[in-house]
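Mind having a look at this structure? Questions to follow.
A, B and C label the chains in the order they appear, each numbered from 1.
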Amino acid sequence: MNENTVFDVKDLNLYYGEKQALKNIEIPIYKNQITALIGPSGCGKSTFLRTLNRMNDLIDECHLDGQINYYDQNIYHQNMDVISLRTHVGMVFQKPNPFPMSIFDNIAYGPRCQGIKDKQVLKEIVEESLKQAALYEEVKDRLKESALSLSGGQQQRLCIARTIAMKPDVILMDEPTSALDPVATLKIEDLVVELKKNYTIIIVTHNMQQAARIADKTAFFLMGELIEYGDNSTLFSTPQFKKTEDYITGRFG
Amino acid sequence: MTLRNKLIESLEILKKDVAMMADLALSNIREGLYAFKNNDQNLAREVMAKDVEVDRYEEEIAKKALQIIWREQPLASDLRLVTGILKLITDIERIGDHASDIAEMTLHLDDQRNKRLLPITSKMAEIVEQMVLSSIQGLVNVDQVIANQVIETDDLVDDLFNQLILKMTLELKEDKVDPNEAIYVLMVAKYFERIGDHAVNIAEWIIFMVSGKHKNTPLF
Amino acid sequence: MLMLNKRKTYDITMQTLTYLSSLVSIVVLLAIVFFVFQKGYKLLSWDLMTHNYQSVTYIADLKDDQSSGVFISPKTFDEDTFYSIKWGIALKDDENLIGGTSVFVTYIHPDSPLNALNNKGVGVEDIYVKEDYQIIRIAFDGSSSALAIHGAKHMIEVLDTQNSFRELEFSTTGGGIRGSIITTLYLIVLTLVFALPIGVGAAIYLTEYAKNNRFTRFLRQMIETLTGIPSIIYGLMGLAVFVHLTIRLTDATGANIISGALTLTVILLPVIIRTTEESLKVVPDDYRFASLALGASQTQTTFKVVLPNATAGILTATLLAIGRIIGESAALVFAIGTAVKDDIRLTEKSTSLAVHIWSMMTDEPANIELSSTIALIILAIVLVLNISIKLLSKRMLRKQGVKR
């Protein structure tokens, strides 16, 4: 494992109660790349994504075995501070979910929870995050207005800014554009490509063209198994496995 | 449950069209040679006229291929198939042109034909026609093995052509043959050699459709 | 066409029925309010709300250095009021707070000797006659007493002929419900202080922290059941448990306000827990996920995101609670007592407004007018609370940007 490997997943098996949702997943995720996770509904890609920041802990019947290493630390080790993990590995959700607070407070929420109170520092963090999320120009005059007054696409960019405010290492995105219109979707795609310069991004998408457009590497999941994982240039042109080929060419959903 | 029936259908139609285009070119080759051998000037002119249809096929197939690209955003094997076809129809069109050229040679020679001059050319024609047939089959079945066979067969064609040149040179020196006729026979043979090369090109695009590599260079 | 008509008529009939139901409900509600208003508005006054219930009757005589004189009043009086220049006192016949007629003092001249009298009975030595006091009897040496039933005019006439009196019996105004109002306020504050933290805390535990297992489900089921128990049972429990508890821990000797507040707390807890739980559940999980994904702890998530969102619901729960506190009578009868008091102590018996009504109505004869007046006051309090909580929650929601 070199220093370019952000996550190294080894032999991951995940269960919801008796039902096995992920089987023998082994996959490395590389720094400053966009890794796309594709596959039909229910194949486990979102479940897998959630293991990376331990959001699966919130689901009672969920348990797993195997190892997920974030750099050289097993994140499922007893002593792992989950809250600290989540400040390094942020998440953006499918449906934009800004808090019913002002735009400023939304972005300042994370830092405030970590104890940052200085008004000047918070102001800078908010400004910086909004700029990185390509939202600053649109909202700079109304930071005190409610976040719910923004459009869907803007709200999602706000959520991205909110995550960035924590200065994470990795950003997990769970179908971030599936609730948005095509123009908003493209704006976010451009943003994600920009962001990979500073962050490592893992994005779950059910839109194959999106994965083809923006990702460096893509992983294809099917029924809880990782079927194929490779560079976009080969996976979308000459996939190794027939199942991958069939999914990509849409021969089955 | 199979999805994308429209795409699947469009791809099948595309392949059929290419087969029919190649078929037409092939029949033009046969008729062109027949016209040359038997000094059938009318047949020669017919063949030359039919080449227009081959050109039209190229345009129609190009249009359909482009439509598949913007409509269906094909990936993986679908993508390789459509782009491969876009490239190889150029070669089929050139084959058609050469068939027309062969027919045209008929118009340059008069009645006499020296029957001794044609066995090698006829042999070349036979092999080349088989190459074109095989490449069509390779396309329809997307079969890499057949494609490789076609590529190998081209060596034979080149050999035969070299043989013909040697023979012609000899006979011209010994003044056993009419130079005018000799030139046209050589030209016909050259056209067949070119047709062979184009059949090889088609075979190489078929290999691309299967492997993503063209002449061993990965294009992705 | 025939089929269409049938359906249309059916439709119209159903619609009309719903209109009628609404109409009936509104009419009934208005009728109740109208009845109460009509019976009660006459007695409604600021005095009623600020005066003691118990009127104290004093028997006084003149201090040694005081005597009658000439006291010209600066005021003019109407024809029902009779003024004695000799004593500087104006009297009038009027309705007392509980509906009977008495002789009222409407004016006392500042120099009148009646301002400083000697208390012939026990208690404080120096007493005085004030406006709104009622004169019951004036006894004279050598003449017959002037009694209140003879009317104000007679009393003034007799007074004007006398230079001194032996005894002056008068009572301070009573019948006021000040005590009950204060008790009610104490009850509201105390109960909320006990019930809200415990109730909201329990609801937070159940919604945010507890695992969804059989024990939690059982707990919820129990709370659900508790909401349906008649409050008088809680009253018995209050009597048995809280009264004894407070007697033990404080200097209380019987039912008291604290035990009343504790009983009300127990009555209200299930309701508060349920309503708070509902408003917590309504907060979308999306917010919780977003907060946790940002590296906030469960506590931070609960108190910085979930609770503020649920505040509107919690306010409603509080409003319901207050309404219940004001209206609860059966349980309080045991836990707080039925003695209408003026001097309110937390460790002593008292009455809330509702219990006061109960007390009035169980008297002989039942005092419907006063009860209706108190009812009006209660209605007014509830209305004001309602409106202010609605305004408050609107303000809060607007800050959050939720468009309503």
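As a working rule, a residue touches a chain if its C-beta (ideal position, glycine included) is under 8 Å from a C-beta of that chain, and two chains touch if they have at least 3 such contacts.
Worth saying up front: this structure is predicted, and the values here are computed from it rather than measured.
A.B. asks: Going by C-alpha centroids, which chain is farthest from subunit B? Tell me that one.
C.D. replies: Relative to subunit B, the chain with the farthest C-alpha centre is C.
A.B. asks: Write out the two chains that share the greatest number of C-beta pairs in contact.
C.D. replies: After tallying contacts for each pair, the winner is A-C.
A.B. asks: Which chain, with its centre taken as the mean C-alpha position, is closest to the global C-alpha centre?
C.D. replies: Taking the mean of all protein C-alpha atoms as reference, the closest chain is A.
A.B. asks: Quick one: report the Å distance separating subunit B from subunit C, using the average Cα coordinate of each chain.
C.D. replies: 106
A.B. asks: Could you give the separation in Å between the centres of subunit A and subunit B, each centre being the mean of its C-alpha atoms?
C.D. replies: 53
A.B. asks: Could you grab the centroid distance between subunit A and subunit C? Build each centroid from C-alpha atoms only and quote it in angstrom.
C.D. replies: Whole-Å distance between the two chain centres: 58.
A.B. asks: Can you check the complex and tell me which residues of subunit A touch subunit C?
C.D. replies: 53, 55, 58, 60, 83-84, 86-87, 90-91, 93, 95, 97-102, 109-110, 113-114, 145-149, 159, 162-163, 166
A.B. asks: Show which residues of subunit B lie in contact with subunit A when the two form their complex.
C.D. replies: 1-4, 7, 73-80, 211-212, 220
A.B. asks: Can you name the residues of subunit C that touch subunit A in the complex?
C.D. replies: 211-212, 284, 286-287, 289-297, 300, 304-305, 309, 399-403
A.B. asks: Could you please specify the touching residues of subunit A with respect to subunit B in the complex?
C.D. replies: Touch residues, subunit A against subunit B: 208-209, 212, 233-234, 236-239, 244-245, 248-253.
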